[in-house]
Structures are given as C-alpha cells and as structure tokens.
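The structures considered in this document are given below.
First chain A sits with chain B, and in the next complex the same chain sits with chain C.
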Partner chain A sequence: MSNVNTKSLSVSRIKDSLTNFSFVLPAVLIFSIFYIYPFFDIFNLSLKEWNGISSHKIFIGLANFKELMQDKIWWTSMKNACFITLIALTFQNALALALALACDRKMRLEKFYRVVFFIPPVLSEIVVGFIWRWILNSGVQDGQHIGLLNFWLDKIGLHHMVHNWLSDPKTALACIAVVHSWKGFGWGFIMLLAGLQTIDKQLYEAAKVDGAGGWKTFTNVTVPMMIPVILVVVILTILGSMQVFVLVLSMVGQGLVYHTEVPVTRILSAMTGTNRFGYACAMGVNFGLILICVSFAFKVISDKMKQA
Partner chain B sequence: MNKLLGIVLCGLLLSGCFMKQEDNNTITLWHWMTDRQKAFEELARRYEEQTGVKVKVDLYAPPDAYTQRIVASAQSHVLPDIYGILDKKKIYASFIESGLVADLTNEFQKDNAEWEKSLFSKALDVNRFEEGNVYGVKPGIYGVPLDVTNIQMLYNKKLLQKAGIMHPPKSFDEFLEDIKALKRVGISGVVSGWGELWMADCFASNYAFNIMGEEKIMATYRGEVPYTDPDWIKVFGVFKLLKEGGALIEGIVTKPNKEAEQDFALERAAFAFNGSWCVNVYHDMNPDLEYGAMLPPSINADLPMKIWGGAGSSFVANNNSPRKDMAVAFLKWLSAKEQQAYLAMETRNLPANREALSSIPEILSDFAKVMENTTHPTIWERNEEPLVVEAFDKGIQSIIIGEKTPEQVAQDVQEVKEREMKKLLK
Partner chain C sequence: MNVNKYQVTSFFNSTIIHIFLMTVAVTCLFPLFWMLRCALMTNQTVFTDKSLIPHVIQLGNFLQAWKEGDFGMFFLNSVIYTTSVVIGIVLVSSLAAFAFSRLNFPGKNFFFYMFVAAMMIPLPGSFVPLYRLMTMLGLINTRIGYILCMINVGLSMSILLLKTFFDKMPADLEDAARIDGCGRLGIWWHVALPLARPAIAVIVIFNSLSVWNEYILAALLLNDTSLMPLQRGLMVFEGTHSVDYPLLMAGLTIAAVPIVSIYLLMQRHIIKGLSSGAIVG
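For the complex of A and B:
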C-alpha cells in the first residue's frame, strides 16, 4: 500500500516538475538562442583571426586577449567611459533626484514638469547628438558665432569663454558626458519619483513630531527608504554610460585623436576600420565580463544594504 | 471556432516565414546613394519597359550602415543579385575569394573588348585584379563602375575676390599668402570633413605623392623606408604649416563631411577639400554658389600632385545568384552611353562611360580634366596595414590640435609600423 502511495507521489512530483518546466521552457529557449548561444559564439570567434568575410578563420588561442591586455588605446577608451559614467553618476543622478524631490511635493503644473523632464530620454540619441553639435559649434560666419552656446556667450559679454568645445581635448569628452547626462536624467527622475511616492507619508509625519528638520528627514527617512531604488538607478546608469557610443559618433565623428574613444567605438573600429573581427569579439567578451562583474558587485552591495 | 481560426492564422504566418519568395524575373539591387535613388528607380522602370525584367532598387544609407549590412549578408549568404563593396581592396578580394562576386572578365572582353573600351580605364582599375596581385585573387575584372570621381580642392570665386585674390594659388607658399589675405577680411580658409579620418588621410596622401613620389611611399609600406624619414616628416609638417598659418576652419578635426559641405556651400570658408560628388550637393544647398576646382597647391615642383580618384561607385554581380546573367546584362545596360548620360545629368556625377562626357555641367568638366592625375589605394601595389593607417590619421589630428609635433607623430607611426611588421613576419 505504502509502495503504491510513494510511486503515485513521485509520479505526481515528476508531473508537477514537467508542468513547471514547460512554463519556463519558452523563456529558457529564447534566452539560450538570443543570449547564451551568441555569447559563446562570440567567445569562439574571439579565439580566432578573421576579417569578417573570408571563410578562413585561423585559431590563435588567447592571443587576441593577450594583445588586448597590452592595448593602451583600449584601456584609454575604458578610462573615458568611466569618466562619462562618473559624471552621469553624480551630475545626472543628482539632477534626477533633485527634480524627483521637487515633483514629489504638491505643486502647480506637476504633471507638465513630469512630461517635460522625460522628453530627453525619448529623443533619438543621434538627433540629440546633432542638436548639441550645432549648439556647441565653434564656427564663425561674417563675424557671428554659428553655435548657440558661443553666440550667447559672446552676446552677454563672456567673450573669453567662447571656445572650440568639441575639438579641444580638454573639453570634448566633458561635453559628451554632460550631453549624455542631460539625455539620461529623465530615466532616473521617473524611477526615483516612483520610489519617493511609495514611502509611507506617516514616516514623515512621525519625523516631524519628533522635531526633525528637512535635512534630517531627508537623510534619516528618505535616503534609507530609497536605497533599493537608488541602487537600481546606479546600476542602470553605469551600464548605460559605459556603453555610450551613438552620442560620441554624432558629436565628434570618428573621434578626437583618442580623447573621445569609448569601448564600443573601439569595437566598431576593430570590426569595420581594421577588419579584425576576432579582436573585436575579444574586446566584446572582455567588456561584457567587466560589466557583468560591476553589476554583480552592485548586487552584492545591494543585498548587504538591504540586510543592514 | 476561435481556436481553429487562430491555428489557421498561425499556420499561414509560419508558412509565410518559411516560404522562399523566388521571382525569377526580378533582380534586386542594393545601394547606398541617397541622391541617386530616384534616378535608379527611373532607370529600373525604363529597363523593365525595354526588356520585361523588373529591377528592385533598395537603398540602405548611410554608407557605413550599408557596409555593415553587406558584410552581415555575406556572412549569412543572403546577398542581393547586384551590390557594391565599399571597403578596402583587401576586403573586395575576400568577397571574391569567398565566391560572392562574379568574374566579369569574359563579358568585358567580348566583341573585341567593346564594353571595356567604353569605360574610363581609371574607373575599371578599381575593379581589376592584375596578374600576381598581392591578394592572390585570380586576375580579372570583377565590378562595373557607375561613375568616376576625384577629390580636389575647391575655391569660392566671390570670397577670393573679396580678399583681392584674382586667381587660385598654384604653389603652397602662394596658398599660405592667400590665407593671410583672407584672414585680413575675416574669411576662414579651408573646410573639409576631417572628422571622417579617410579624408585627412587622402589629403596627406596627395602631399606624400608630391613630396616623395609613389616608389618611396610603396617602399614605406613594404617596411623599407621608415616614417621618421625627412620626407614623411615634411608630409606631417604640411598640417603644422596649415595650423600655424590659420588655414583650417575651427573644429575641422571633428567635422563630418556633410557639415563641411554645408560650410562651403553657405560661404563660410574660401577653400574646400572635397570629391566631385560635391557638385550635386552644393547645387542642392546653394544653387548660386560660384566656385571652381583646383589641384591642392604643390610643395615640390619636381613631382606631380597626385589626387585620389577613379571609380566613384561600382556594382558587382552576386556569383551565387540564380539570376547572375540577368544581373550582368542589367549592369552592362546601366553603363551604356544613354543611361550614363541620364545619370550624369540627373545626379551631376562624372560618368564612367567616356562617350557620355559631352552632356556634363561645366564644373564637372574641371574635375574631369585632371582624371589623368588620379591614383587610389585600391590600385596601388600594396596598402598600408590598417592599424598603421589609424595611427597615421590620429597623428594628423594630434598635429592639428597642437598636441604633437610632426616628428613625434612620425615616431609614433613608426612604432606601430614596426609592431605590425613583426606580426606579419610571424
């Protein structure tokens, strides 16, 4: 009797497992076909020397990775991407948080502001790049500055600040970073605003009763309650900023020497400029792994902070 | 009932996905030339009227995106019947070696080589692989040129007159004097799209030919002459002279060519460095622009100034297409006198067919006159390694922004060259 019961139990367990498995199967299939297989294929190509067309792919082992480790330009591009990310993490997210805090209060035209702040992320990156290229244009015609920024700097008497913004190594990357932050702050704004709205208002009232001022309430109530959202915003900002490249292409074309080079433009350059597909794949694998490590590190930090 | 309808619809959708549409009377052509789409469609209409064969003309722009599409299609074996290869000769050779391009040599040489003779030889050279070529490709002609082009300097007649300059400069010293005169009246000197590195590379190559000649350039590519040679330093020095003379428009190093074309068309600079395709572009931007074409002012009177030129755009026939013969017949028709004259008139480009030259605008004749001075990397005995080219072009940018001296750049380029030579020896 008990044997029959155990048997029917295990059959039902298998049935349950199969049912559960059939639910996740489509997702697993899609993930395997579109993510896992391409990743392994790219890794496979990164071990070869290939020009992208020829049927001859020469196996060279880890030579591409070895070369990559010594490729100064690749690490310069990483450094540039880190700079853009740093600006985005500070300037972009501070702006997003400030605006989210402002919009979280009862104010006139609150909905209008929400829409306006979300316009930049909706715009095409290439269009944003070209618009800012025009704003930062350093050209002159008939004694008048063509670029909007230089035109107004000149008009309001700040002639000494008129500058060749995109062709000077000191300012080109900073301009790209600022434009990237301007374009991206809307995402952070929406997420932070949503996070702020989930905080129980009673907590603020309790803080008020305890005599806490605005800053104390912010640091002791708002920030701790917002940590999970802030971490998500930080991770998305890092991933988005490290992978920036359309803005770079539209603002400085093929780059200003190597001062505006970022990892994706290097990968593109290796694929279409020098036709080294294997090397480009090695760059892709290396870059992907770095981003995975960064995301994983933030996940660990996030979990620890939640526990605390 | 709804379930049944759903299944039928899914079935129809899936069958649509897996059914291969093969219309044996339609040939497909992929191109990248936004300004020629209408003209191509009109020619396709005429061809269908004359032969009954339909030509589907698909445009994929800009050229970079087109190149990526062609490479991806080649990898997945879904290339159209007719397409263009916008890449280095080495990559052209890879397409041929992979069996993706039809050999047209026999077609060109039929009837006492009538087809071959009707086209500019400089234009055909881009599509020709000579006996013993370094790419190891079977000698022959593999593509059909559609037009010829060359890259020169252009001058704005009105702006030069405003600065009291009566004729365009012939020598480099005269050019620098003209720049001074232009600066005195607040006019910028040279504009070009050097944000697209190949254009700066092309300008440097013109002066390399003028300063040291082809043999020494090839010797450098072979690794026999270093980039630290005084002649190469002189080539890099041209950019220093231009920078110090204030000849270059602000922001030239990151300027895309489209913006540079706009600057010249809107009379923001007196000189431009651009290709013959600009005639059409300038006409659209400013039909009243008065300008002429000239060779870049020479530094060395003993050697000719060689400019880049040859086939502007070429098409190849897909060797694996079941409609290969139809594709070749269409290309032959497209390069015939009548069609070439129509294209030249509509798109203001220099025709590849010599017989169609009589119907071109005057400014294009200026470009056509110097076709004999043209050369192009695709017809050189060998090309420089891509990483060396990158270091060379980025070095030019460094000189223009005042970051490095010609000597430092020469040293940097030589280091990359030596590294690449070592790799080749391995």
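For the complex of A and C:
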C-alpha cells in the first residue's frame, strides 16, 4: 500500500517538475538556438577556411589565428578602437561626472537637464552618424562651405581651421571618437548622478564641520563613496567603445583606406567583403578574449578596492 | 540690502553652473534641430542658406521621403519588429523568471546562471555564426527569423531583472491566489505580471530602444527592401540618394521622432531603471 503511494507520489513529482520546467522552456529553447549554438560555432568556424557558401569547409587548425597575429590592419583597427575608448574614458566620463556633480543639488531646470542629456543615447548610431556627417561635410559649392562646421569656422574668421574633417586620416578618427562621446555621455551622467544621490548628506555635513573645503570633500567623501559606480561606468564604457562600429559605418562608411577601421568593421568586411567566414570568426574569438581579459582585470581591481 | 559675501559667491557659482549645463544641453539639442531644419529645405537652398530659420520652409520632403523613399514601408516594418520583439521578450522572460523565482525543477540554478553568464561574456562577431545558423534554418530574409534573434538579444537582462522583482513578491499573495483556485499559470498571469509592472515598463522601454535602433542583424539577415526596418532603410537610402540631403534629413527625422517621443513620455522609468541598475551593478 505504502509502496504504491510513494510511487504515485514520485510520478506526480516528476510531472510537477516537468510542468514547472515548461515555464522556462521557451526561453531555454530560444537561448540555446540563437546564443549557445553560435557561441560554440564561432570557435568551430575559427579553425576552418570557409567562404560562407560552399558545403566544403577545410580544417586548418590555428592557421587563422597565426595569420591574425601578423595582420597589420587588424592590429591597427585594435589601436583605433583603443583610441576611441581612451577619448570616451577621459573626455566623455569626465564630462559625465562634471555634469552629474553640477546636477546633484536642488536647483531650477534640474529635470530639464536630465531629460536633455539622455536624448543623444536614445538616438540610433545611424541617425547620429548621418547628422554629424552632414554637419562635418567638407564640400564647397559656389564658394560656400556646405558643412555647418566649416561654414561657421569660415564665418568667424578661422579660415585656417577649415578642414576635411572626415576624409583626412588625421582627424577622421578623432571626429568619430568625439561624436561617440557625444552620444554616450548621457549614460554615465545618469548612473553617476544616481550614485551621487545615494551618498548620505550627513557625510557632507560632517566634512564641513571638520573644516574640509570643496575639493577636500570631493576627494575624501565623494570619490571613495562613488568608486563602485565609477567602476561600473568605466567597464561599460570600455566594452561599449571597443565594440563601436555602426557609428563608423554611418560617418565614414567602409572606406578604401584603413584609418578608421575598428575590430568589428574588420570582422564584417572579412565576412561580407572577402567571404572569409573562418577568418572573421577567428577575429571575433581573438577580440572577445581580449575584452574578457580586460573586464576580468577590472573585476579584480574593483574587488581589491572594495576590500581596501 | 544686506547681501553677504556667501550669497554673492553662491549666486555667482550657480550662474556658472547653469551656463555650463546650458551649453551642454544646447550641444545635445542643436544637431537634432539642424536635422529638422534641413529636412524643411529644398535641394537648392540647403547648400547655400545657413541661417538658423530657413527663408523658405516646405513640408513636402516628408511626404516624398515617406512615399518615394520607402520610409513609410521601413517605418511600418520597424513598428512590426519592435512590437512583436518586445511582446515576445516580456512573455518569454516573465514566464522563465517566474519559474526561476517561484517554482522548483531540477537544473534550475544551472539554467539561471547560464542566462547570467551570457550577460557577462562579450561576444563580438557572433553575427557570423548566427548568419550561418539562420541560413541553415532557412530563416534568412524572413520576419520571424529576425524577430527570434532580437528576442534572444533582450532575454538575459529581462529574466534577471524580473527574477529579482519576483523574489520580492510576498508569498501570501501567491497563497491567496492558490486558494482562489489559480494554477501556476494563473498566478503568473493574475498576480506576478501585474505586480511586476514597474519592471516590465523598464524592459519594454529599453528593448524598444534597442530594437528600433538595431542595425547589424537587420543588415545581415534581411535582403529584401520590403522587409527592412528604418535603420537599414536609411543606410540603403543614403547609398542611392547620397546627395539629396533634405530628403535624407527627412528620413532621419522619421526615424528619430518616434523614439524620442517615447523617451520623453516614459523618461521617468528610464532614469529609474538606469539608476537602480547602476546601484545593483
């Protein structure tokens, strides 16, 4: 009797588990097909030479990676992405922090500023890229500059500053980096402001009582309290800026020269330009590992800082 | 008048702060204003007239872009993709998050951490194997293929967000619903989902933004012009009409206005969502 009971109990338990599992089934299915399978396939393909169409794939071991190590354009693109990231880390995040500090008080228009600073992040990279490309246009018609920036520079007498902003290798990348920062600083601003607002106001009072001035309060109270948020912003900035590419496509297109190439545009042109799918995957794996190492390093640093 | 030194310096400081903030605010808004301004001009005046308010204003570009530039079709496609992906994400992720939070089954933690891990691992170039997969499945150049891919993109974050929300849901409510005869699915639909409304709002907004603005998968997976969303359509349009700036600017406006308006309507949720994300993260 008791035997039958436990048996039916365990059957009902299995049934129960199955019903419960059916709740996660759609998510697990979609995730396995569209994330996990490509995740393993990218490693698989990176070891092969494949043109994307033929059923014939040649296993070539690590040859793609060997080639990649000597691929000068690949490492140039990496350097370019690092440059954009560096500008984003310094210029963009300093701006975000300055704005957050300025907004962290009761004042008029606070809400207006908050809403406006987050408009560029809401726009797509295509829209942003095309608008700025138009403003930075270096064309001339009837003796007049087409692009607004050159027009204004000319108007206020800075003729020597008039420039082929996006076709000169020296300035194209810098323009992309600045526009990228313009588009991105709103994220940092909102997160840093939220962080600032969680700081207990009594700490500021205490610092004031102790006779600390503005700068001392900033370095001794604000910065230490903000380190966790700052680290999150820094890491998101790095991951976002290293992988930027739609902005590059919309601002300069996939040019014939390589001065604005970034890793993802290289992956894209290996795939769609030269039909080397295996090589494109090797690039992806290589780049992904670098990004994981960087974020892991920051994780370690942030844990150390939290302990201290 | 007894204005002391403190008040003077604080007035001075706050003016400087406002000038700084206002400058940045203008820098944020000006390019958008310029886009709109140029969309109202003709092909002849756009190159020469650089005044802030153009001398001749005409609305015809929007109509022309909508009809001849195919932006009406691109717009409709974007609306279809955005709504179906967002609805898909909310349903699939809330079911999963509900189970992860409230139900028991073997391998629960394994599956949950699988989703969490996916968020931590950057996978640049994953579009290459994804393209191959979609070709094998015959889903290339189909609406459903693109929609499923985009649902997958938003899944992990939504599951994580909703799970933390469901974890805080009081057990009493669940028990009360069970006594009223609700099954698991009933509790999910009648209790969990309505309670999670704030979290769902955040998910809806952020995923709408990301689907509306998505470019690369749309570029790789959709070849037919009739299937393309706005961002992809803009790129195609720019390739063929690269000198017709007023029309391009009208197209950009069509792509930007809906998302900016949704943002302005829902900005409270966005700021709340980001803020809580920053503190949790």
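Throughout what follows, the second predicted complex is superposed on the first by the 270 of 308 C-alpha atoms of A that agree within 3 Å, B and C clash if a C-alpha of one lies under 4 Å from a C-alpha of the other, contacts with A are read in each partner's own complex, and residues count from 1 in each chain.
In the analysis below, contacts are C-beta pairs under 8 Å (C-beta built on N, C-alpha and C of every residue); 3 or more make two chains touch, one makes a residue touch a chain.
Being a predicted model, the structure only gives us computed values, none of them experimental.
With chain A as the common reference, chain B cannot sit beside chain C without a clash.
By the touch criterion defined above, A:Gly52 lies against chain B and chain C together after alignment on the C-alpha atoms of chain A. By the touch criterion stated above, A:Val246 is placed in contact with chain C alone, chain B being left untouched.
When both complexes are overlaid on chain A, the residue A:Gln141 reaches chain B and chain C alike.
Within the superposed three-chain model, A:Ser124 lies in touch with chain C and out of touch with chain B [touch as defined at top]. In the overlay built on the shared chain, the residue A:Asp168 is in contact with chain B alone; chain C does not reach it.
When the two structures are aligned on the shared chain, A:Ile87 is found in touch with neither chain B nor chain C. Between chain B and chain C, more residues of chain A are touched by C. By the touch criterion defined above, A:Val262 reaches neither chain B nor chain C. Of 26-34, 44-52 or 134-142, the segment of chain C whose C-alpha atoms clash with chain B in the superposed model is 134-142. Shared interface residues of chain A, touching chain B in one complex and chain C in the other, are 52, 141-142, 146, 272. By the touch criterion given at the top, residues 17-21, 23-24, 26-28, 30-31, 33-39, 41-42, 44-45, 52, 95, 98-99, 102-103, 107-109, 112-120, 122-128, 130-132, 134-135, 141-142, 144, 146, 148, 151, 182, 186-187, 190-195, 197-198, 229, 232-233, 239, 243, 245-246, 249-250, 263-264, 267-268, 271-272, 277, 280-281, 283-285, 287-288, 291-292, 295 of chain A touch chain C in their complex. Across the interface of their complex, chain B is touched by residues 51-55, 133, 137-143, 146, 164, 166-169, 172, 251-258, 269, 272-276 of chain A. Across the complex, chain A is touched by residues 64, 67-68, 71, 74-75, 87-88, 90-91, 94-95, 97-98, 100, 186, 188, 193, 195-197, 249-256, 259, 263, 266-268, 386-387, 390, 394, 397-398, 401, 403 of chain B.
By the touch rule above, chain C contacts chain A in their complex via residues 14, 17-18, 20-21, 24-25, 27-29, 31-32, 34-35, 38, 47-48, 50, 91-93, 95-96, 98-100, 103-106, 111, 114-115, 118, 120-133, 148-149, 151-152, 155-156, 159, 184, 188, 209, 212-213, 215-216, 220, 231, 234-235, 238, 245, 248-249, 252, 255-256, 259-260, 263-264, 267, 270-271, 274-279, 281.
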